[in-house]
Amino acid sequence: MRRTVGALLRKELLVELRTLESVPGMSLFAVTTFVVFHFALNRNVVEGDLAAGILWVTLLFAAILGVNRLFVADAEEGGFDGFLLAPVDRSAMLLAKALTLLIYLLVLELVAVPAFALLLLGPSLGHVLPGLVGVLALGDLGVAAIGTLVAALAVRTRARDLLGPLLALPLLVPIVIGGARASTPVLSMGHHAGPPSRWLLTLGLYDLVFGLIAYALFDFLLED
Amino acid sequence: MYGKGLRALSISTAAVMTAALGLVFFYAPLEAEQGFLQKIFYVHVPLAIVSLCGFVAGGIMAIQHLRTRDPAWDMRSYVAIHMSLIFGVGTLITGSIWAKGSWGHWWVWNEPTLVSFLIVFLLYATYQPLRFAIEDPERQARYASVFAITAGAFVPLNFIAVRMSTAYVHPRVLGATSNLPGPMALTFVVALAGIALLYTTLFRYELTAKHARAQLRALRRRLAGDDALVSVSRRGRSAAPTTLHPAAMMTARGAGRDGL
Amino acid sequence: MPALEVEGLARHYGERKALSGVSLSLQRGRTLVVFGPNGAGKTTLLRVLATLLRPQGGSVRVLGSRLPEESWAVRGRLGLLGHEPLLYRELTARENLRFHARLHGVADERVGELLELVAMDRRSREPLKTLSRGMVQRVALARAVLHDPELLLLDEPYANLDPAAVELVAPLIGVCSGRTRVICSHDPTGGLAEADLVLGLRAGRQVLLRPAADVARAEIAELYR
């Protein structure tokens, strides 16, 4: 299993490095969106719940870009059959794809969060980062699990670019809720509070439930 | 098999709904703050409850479909979700009317039930487009089941998340069903029973209609030969599943004996 | 024990019967050639045998394992070469084959061996999208036999290959490879020459099943009428 996931992951990252289809687009999209927000809201500096909202919405939409492209190469180049013919556990593909998406999200955040701090955020990056890291990590896990499931569901349909986001956004709303609520005290000026634990718990629970659901249902999407 | 008991079900539904209407208009007391408009609560909340239960039921039926591979379960799952969507529209409309009457706005964000319902509705609204976008009927049914299970699990979790996020400052206007006085509680329960029966009846009706249509297709196919294109006078394409198990095609003769 | 035992296989696409009532038995080391017009169900049959499609009626045993319950047991022992090369165009031949080698638990050295056998080792470090169809087909072939399968499932394998390449790959997928083979073919002469058993399909139905020696070219041409 580990060997299979390793092989799949290696292949994913190799293809991404060759084509640079997902990560640069996601990151650029995030930075541009921050600029758009500046003009749309007519604000130079944001903090508190406004900052949390802008950050999470931007990350969410950038993530959707990555989700859309997650299985496209496999669907178009017969990669599914190649994998399905191998004597391996099919859940390995779910794990590998989710890990891939997770890595994309981490790289996205490495670009987007400093950009956000630079362009719009009131409190300094050094102060918000410790609290933010945990929230982002939990949010990323949920997005990875749900994003992979939804991407697999949408990729072999006719309107895949449309259905992917339509399916993913409602399912990701609780993560946005949890992430934004947890980030709000972290991103506030003045006293530096940590993220409230009940929201971290909610995020964790959501991640766990949908991780398990994705694991249970993924095989049904691959087979014919 | 499908058509049995429809008449009894319809009659009892009509009876209970009439009783409920009677109770709502003549028995339940007028609520102090909101007056007559509050009575829409007896329609809105049962619609919401039945609709959500229908979504979750659709998810459970989808689990059965994936476990047994029997297309009949997929048909049931589709009809359950379809019905719940319709009842869901009713929920949103009645909720909106109530909000307008109580708060002066057509939509309020401080009512977590309504808000989480909107999100659930937006999710399930993609169910039919999803089915529509997959040509292969077997894969369509399988993918739809995966969706139904995921969405079914989402319903309670989403409700919890939204509930937690709603500011506790505003009093919950629409929600408080726990401490209803006697007459209101009775009216509510009867209204709930009426809506639940209505759902069940409509569910059975639609399932019977779809089953009949599928058998008609199967019979036409047997007459026309296997390669013929069979249509059963439907305008355009539909997202609904149209076939039962192919084994049913062989037993189309048998169905005549069972009696539809 | 026969390599293939198929009894009353049925597979439908919605209401249309893609395959119905297909029954055959193939001994190990033998070659079955399947003829039939487009849409007859040849590819469907191949995909069912490859465990990619579930049989929806009848019974199928491949290399002793029942499908679909025991598909997992037989997957590593068969090789499929279909219309799609099942390779990633952005990656090189070497990277593609290494990936499949890891999936199948095959040693990396084998990749180098096979690339030489199909005469692709000189261009093995270029992305597949820069190669011609014939070259990609050769790499796809290497992929299909990388894990030394007992059963080969080939869908018009010689389609994109020039005569020199056909000779080149003969030891891998030809009669002398010693493997059990199922080949879908549109070439009556060539197909018949390779076959031990001939299956003719039309509209999903089995219309012809006889040892190759008893089948005349004309009968195969009839199928396409």
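First chain written, first letter: the chains are A, B and C, and each begins at residue 1.
We adopt the following convention: a contact is a pair of C-beta atoms (placed from the backbone, for glycine too) under 8 Å apart; a residue touches a chain by one contact, two chains touch by 3 or more.
Computed from a predicted structure; not experimentally measured.
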- Query: Of the other chains, whose C-alpha centre is the longest way from the centre of subunit B?
  - Reply: C
- Count the C-beta pairs in contact for B-C and for A-B, then report the pair with the higher count. A-B
- Message: Comparing chain centres built from Cα atoms against the global Cα centre, which chain wins on proximity?
- Response: A
- Determine the centre-to-centre distance between subunit A and subunit C, using the mean Cα coordinates as centres, and give it in whole Å. 40
- Query: Which integer distance in Å separates the CA centroid of subunit B from that of subunit C?
  - Reply: 47
- Item | Centroid distance [mean C-alpha coordinates] between subunit B and subunit A, Å | 32
- Message: Touching at least two other chains at once: which residues of subunit A meet that condition?
- Response: 224
- Which residue numbers or ranges of subunit C touch two or more of the other chains? none
- Message: For the complex, give me every residue of subunit A touching subunit B.
- Response: 149, 153, 156-160, 163, 166-167, 169-171, 173-174, 177-178, 181, 198-199, 202, 205-206, 209-210, 213, 217, 220-221, 224
- Message: Using the touch definition from the top, list the residues of subunit B that touch subunit C in their complex.
- Response: 136-138, 217-218, 221, 226-227, 230, 242-243, 246, 249
- For subunit C, which residues are in contact with subunit A within the complex? 47, 50-54, 72, 75-76, 78-80, 82, 84-91, 95, 99-100, 102-105, 127, 143
- As the complex stands, subunit A meets subunit C at residues 3-4, 6-7, 10-11, 14-15, 18-19, 73, 77-79, 81-88, 223-224
- Within the complex, subunit A is touched by subunit B residues 66, 119-120, 122-123, 126, 129-130, 133-135, 139, 142-143, 145-147, 149-151, 153-154, 157-158, 160-162, 164-165
